[in-house]
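Read from first to last, the chains carry the letters A, B, C, D and E; within each, the first residue is number 1.
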Amino acid sequence: QTTEEIKARGSINIGMLVDFPPFGIINEQGNPDGYDADVAKLLAEDLGVTANIVPVTGPNRIPYLISNQVDVLVASLGITEERAKQVAFSQPYAGIEIFVVGDVNVGVDDAAGLSGKNVGVARASTQDTAITEIAPDDAKIQRFDDDAAAVQALISGQVPLIGASNTVIAQIQKVAPGRFEPKFSLRQQSQAIAARPGADEFMAYINDFLTRKKESGELNAIHEKWLDAPLPEFVAKTAK
Amino acid sequence: MIRPFGINEFLFILFAVQWTLALSVVAFTGGAVGGLLIALARVSKVAPLRYAALGFIRLFQGTPLLMQLFLVFFGLNIFGVGINPWLAAAIALTLHASVFLGEIWRGCIQAVPVGQSEASWALGLRYYDRMKSIVLPQAAKIAVAPTVGFLVQLIKGTSLASIIGFVEMTRAGQIINNATFDPFTVFGLVAALYFILCWPLSILARRMERRFAVATRR
Amino acid sequence: MGYEFNFAPVFANFDHLLAGTWMTIQLSFGAMLLGTVVAIVCAVGKTAGPAPLRWAVDTYVEIIRNTPFLIQIFFIFFALPAVGIRMTPNVAALVALTVNVGAYATEIIRAGIESIHRGQVEAGIALGLRRGQIFRYIIMKPALRTIYPALTSQFIYLMLTSSVVSVISATDLAAAGNDIQSRTFAAFEVYIVITAIYFLLSIGFSGLFALVQRRAFNYPLSR
Amino acid sequence: MPAVQMEGVDKWYDKFHALKNIDLEVARGEKIVICGPSGSGKSTLIRCINQLESVQKGRIFVDGIELTAGPKNVEQVRRDVGMVFQQFNLFPHMTVLENCTLAPVKVRGASKAEAETTARKYLERVHIPEQAEKYPAQLSGGQQQRVAIARALCMNPKIMLFDEPTSALDPEMVKEVLDTMIDLAEEGMTMLVVTHEMGFARQVADRVIFMDKGEIVETGNPKEFFANPRHERTRNFLGQISGH
Amino acid sequence: MPAVQMEGVDKWYDKFHALKNIDLEVARGEKIVICGPSGSGKSTLIRCINQLESVQKGRIFVDGIELTAGPKNVEQVRRDVGMVFQQFNLFPHMTVLENCTLAPVKVRGASKAEAETTARKYLERVHIPEQAEKYPAQLSGGQQQRVAIARALCMNPKIMLFDEPTSALDPEMVKEVLDTMIDLAEEGMTMLVVTHEMGFARQVADRVIFMDKGEIVETGNPKEFFANPRHERTRNFLGQISGH
């Protein structure tokens, strides 16, 4: 995969989530939208090609990429070591902080407190990886297909705790004010644009693109638009 | 970012019906062709053809449609056969529908009395004319009811195509649910839409079955 | 395309897959037995019950048969807690599968009951047997024999349908596959292996059904 | 006390008037043959005696018990009335022995051993003791019908009803079933038999009843009935039968 | 050259030896009636002549063409051999006329108009020209069987095979079909007829063949065959038929 090929083709296939607000959503007109969508469009514009956005899901986004269905993922993909074996990551373009969230009546304030408890997560998400890593052996991790299902399990009382990002927590607070609270932070998670391994020239281009957009403040503006906050510190700094 | 379930959300799900329908049409068309071939192979005089068809049926009736879709879509791409979701869905759903329709239709062909084939042989009719003019027209009458019945199964089955990126009704519901966190409205609506689509077909199938049962009892 | 198949991570987690397989077997088997019981009760209700019961059975059967299983399981897991019925994911999966197969099997078993010649029932009545006894001793076995092929293929279909229960975090074979896949990213290898396992399961179940048929329905039929 | 007594019985199937004001008394030990054209109500008549059909008017007594008075009596009476059908109606999933022991065990509460002893006794009497372990499908039509007779006898009935017991049989099997019925008649069983086997009627019937259009048109002892039918309709009917 | 010639033909259904060393020569224009008990192989024998059943041993020639030599010959022969079945086997979804024209058009390549003319001619000959536009289900059994005969004749066969053409008919319809067959015989058609209608055999058969257990037991002209059967088995069989 090279920049030249994409330019020659005149369009780029970009995989993004559409069920991960506010990063990826379907807007009222029924089109993909959100932070990721704006970044994707910016990237296409920078390449001088049209953006062809392909909706993907959490569990199948990597298969989409490595089976050539898309050229690149702007899909809120958290950078992890395991994933780095499968795909090539750019420098961070977004970041979230993920927490263990739970019922206000459940007393948990660290990983050890998860012992014997059921914890819901979205399968194959960053939360999944993080909680699997730190949870004691006797914690029971229940994996749902997406964040909405995990949140629904929490709200309907099927699980007392879930792993969720700060953006999801904001939504939980809106749906069920006062019933749930963040218990403790799991980690700050940087998200990156991903391409197939080996496409070094293309990846160099993407990194350069992000550096330019961070410096120009354009990326920050998009972030403000969707998350009502500037790019987090750990994302805003530019890599080489 | 979370928003209430409103008219736009309703319309988004409603419009997704077109993909459910489109997938169903593709699956049914492909399945009709494949099913006919499989049914003919199953009643063939050529033993290897019969066994091949049987093996094919065992394989595709013995594995989940979900896995078939996944393997066709991602698998073929891995082997460098570029394939778009439409083609992948068409292939997987066609295979799925072919084996089920094939078995249904085989039963219908075998329900045509042997005497009909024997009379055709005795008149010197060859395979093509025998099938086209004698056996299939009679089998078709029997086949209508169970075929419509299977169509209901197929329509519901297309919901699995969401795994390869189709935003049909079920997936549309999931997406809207992620934006509204109002699962009962969303999935209630989705269920109602499927019901509206499928129920008339179910009733039609049952009516025809009954009519046929009455017609053959005498 | 240079994708290199690597089955090592799949086999490294094989115990996990086996646990999922065992759960799929339990779910399928449990739903078959419970679903058959539900279906027999509903089929009897529909053929011999009072009008409101017949109506209720009809409604149940029609709703289940005309909506996708995915939606049904979602309701059972997420909506029932609102009315105080809370189940673990695996139990909810079992209930959803039972409710689903129960509706299909109701129609099948009803057809079986109706296929029994009226004279059989009359012979039972003439011998002084009561309604329940007639059903239990005279109708049931020949009816089940008639519809056994339809019923068992519905069961195989049920087993394959159970691959959807992972959406409510039940720990069946498909869920085990998804978990391994999300940890190792060996998506194709995982799917190939679990597809093969499903295939073996359906062959196994078919064999079992054939065995049961030979044992349970071994009486001869007149031509 | 008569074995069966019908007083002014009327029966409708929806609008169709199937039995019209039937009066009939059957003494104990009496053998009655009922004949008549198809659709005349013969089956309906005998099916009313064990309430396979309920009647809308009139009263029916069996062995002094009023059938038409309530469901409790019906249960009681059914145990005492054996019935043999045209189509045998054996239970295909049970062996001959199981066919014969089911009702005694489940209805009379007999032990399995007792019931089997009785069953074997009656199978002997209908001359097929060696078929006890077979399934109905493995027997000829004549053998099946004799099993059906034995099955009814196992309940020790006081009255036996037969609805065209030989008309579904191949000709060579009719005789063996009729012989069994003749044996039974000679032992003094009360019997009502719908049949067109006029040889049988001549040999065993105490009375022959001719029905047409839901009515009992004529009744008499077989001798005068055959030699000298009083009614036009009876004559026509007998003409057809013998020409057959 | 004989119309049909069978030399040392043996046929097995799996293990079951259905035809045993059959030798038979049928001259042109000859009419042969085949009879024998059920299961004796009569149907099997005539079904071999148009290869609805294939044989394992021996040779069969029809009009000089060796059937057993390959599939090409089979196709050729089937056109020249008409067959009428016990169950008529008319095509229920086609009118009488369509039933009669299908094969001439598809197999002989006749034009539709030609085929219809021929069909109407033969329907006339079997005395039902007015039924041409009806469907089989609208006809009586006897009419259906005559359509089946006309359908076969439309292919201009050199030989006609009949497998119990009247045994599925109500008695009052048997005669009309037999009359049609007698007409045909008088016109000189070569015919092999499996039937138990001994009156027909007496009237038209040149030879009567008696089969039992897969063998041709006896063959002779009808007169001596009925008056003077040589074999015990034949005598028994004829006794049963006439007693029937």
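Operating definition for what follows: contacts are C-beta pairs under 8 Å (C-beta built on N, C-alpha and C of every residue); 3 or more make two chains touch, one makes a residue touch a chain.
These numbers were taken from a predicted model, which means no experiment stands behind them.
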Chain-contact steps, minimal, separating subunit E from subunit A: 2
Subunit A to subunit C, fewest steps along touching chains: 1
Centroid comparison with subunit E (C-alpha atoms), farthest chain: A
Rotation in the CA alignment of subunit D with subunit E, degrees, nearest 5: 165
Reference subunit B; chain at largest CA-centroid distance: D
Subunit C and subunit D: spacing of chain centres that average the CA atoms, whole Å: 46
Distance from the mean Cα position of subunit C to that of subunit B, given in whole angstrom: 20
Whole-Å separation of chain centres (CA-atom averages), subunit A against subunit D: 83
Chain centre separation in whole Å, for subunit E relative to subunit D (CA means): 46
For subunit A, residues contacting two or more additional chains: 60, 63, 66-68, 145, 152
Multi-partner residues of subunit E (each touching 2 or more other chains): none
Numbers and ranges of subunit B residues touching at least 2 other chains: 74, 77-78, 183
Topology of the chain contact graph, where touching chains are joined (line, ring, star, complete, other): other
In contact (per the touch rule at the top): chain pairs: A-B, A-C, B-C, B-E, C-D
For the subunit C and subunit B complex, residues of the former touching the latter: 1, 3, 62-63, 65-72, 74-75, 78-79, 153, 156, 160-161, 163-164, 174, 187-188, 191-192, 194-195, 198-199, 202-203, 206
Complex contacts: residues of subunit A adjacent to subunit B: 18-22, 25-26, 28-30, 34, 54-57, 60, 63-64, 66-69, 145-148, 151-152, 155, 167, 170-171, 174-175, 226
Subunit C contact footprint on subunit A (complex, rising order): 59-60, 62-63, 66-68, 82-83, 85-86, 120, 123-124, 128-129, 132, 142-145, 149, 152-153, 156-158
Residues on subunit C engaged by subunit D in the complex (per definition of touch): 117, 119-120, 122-123, 125-130, 133, 137-138, 141-142, 145, 217, 219-222
Sites on subunit C touched by subunit A in the complex: 1, 3, 77-79, 81-82, 86, 89, 166-169, 175, 178-179, 181-185, 187-188
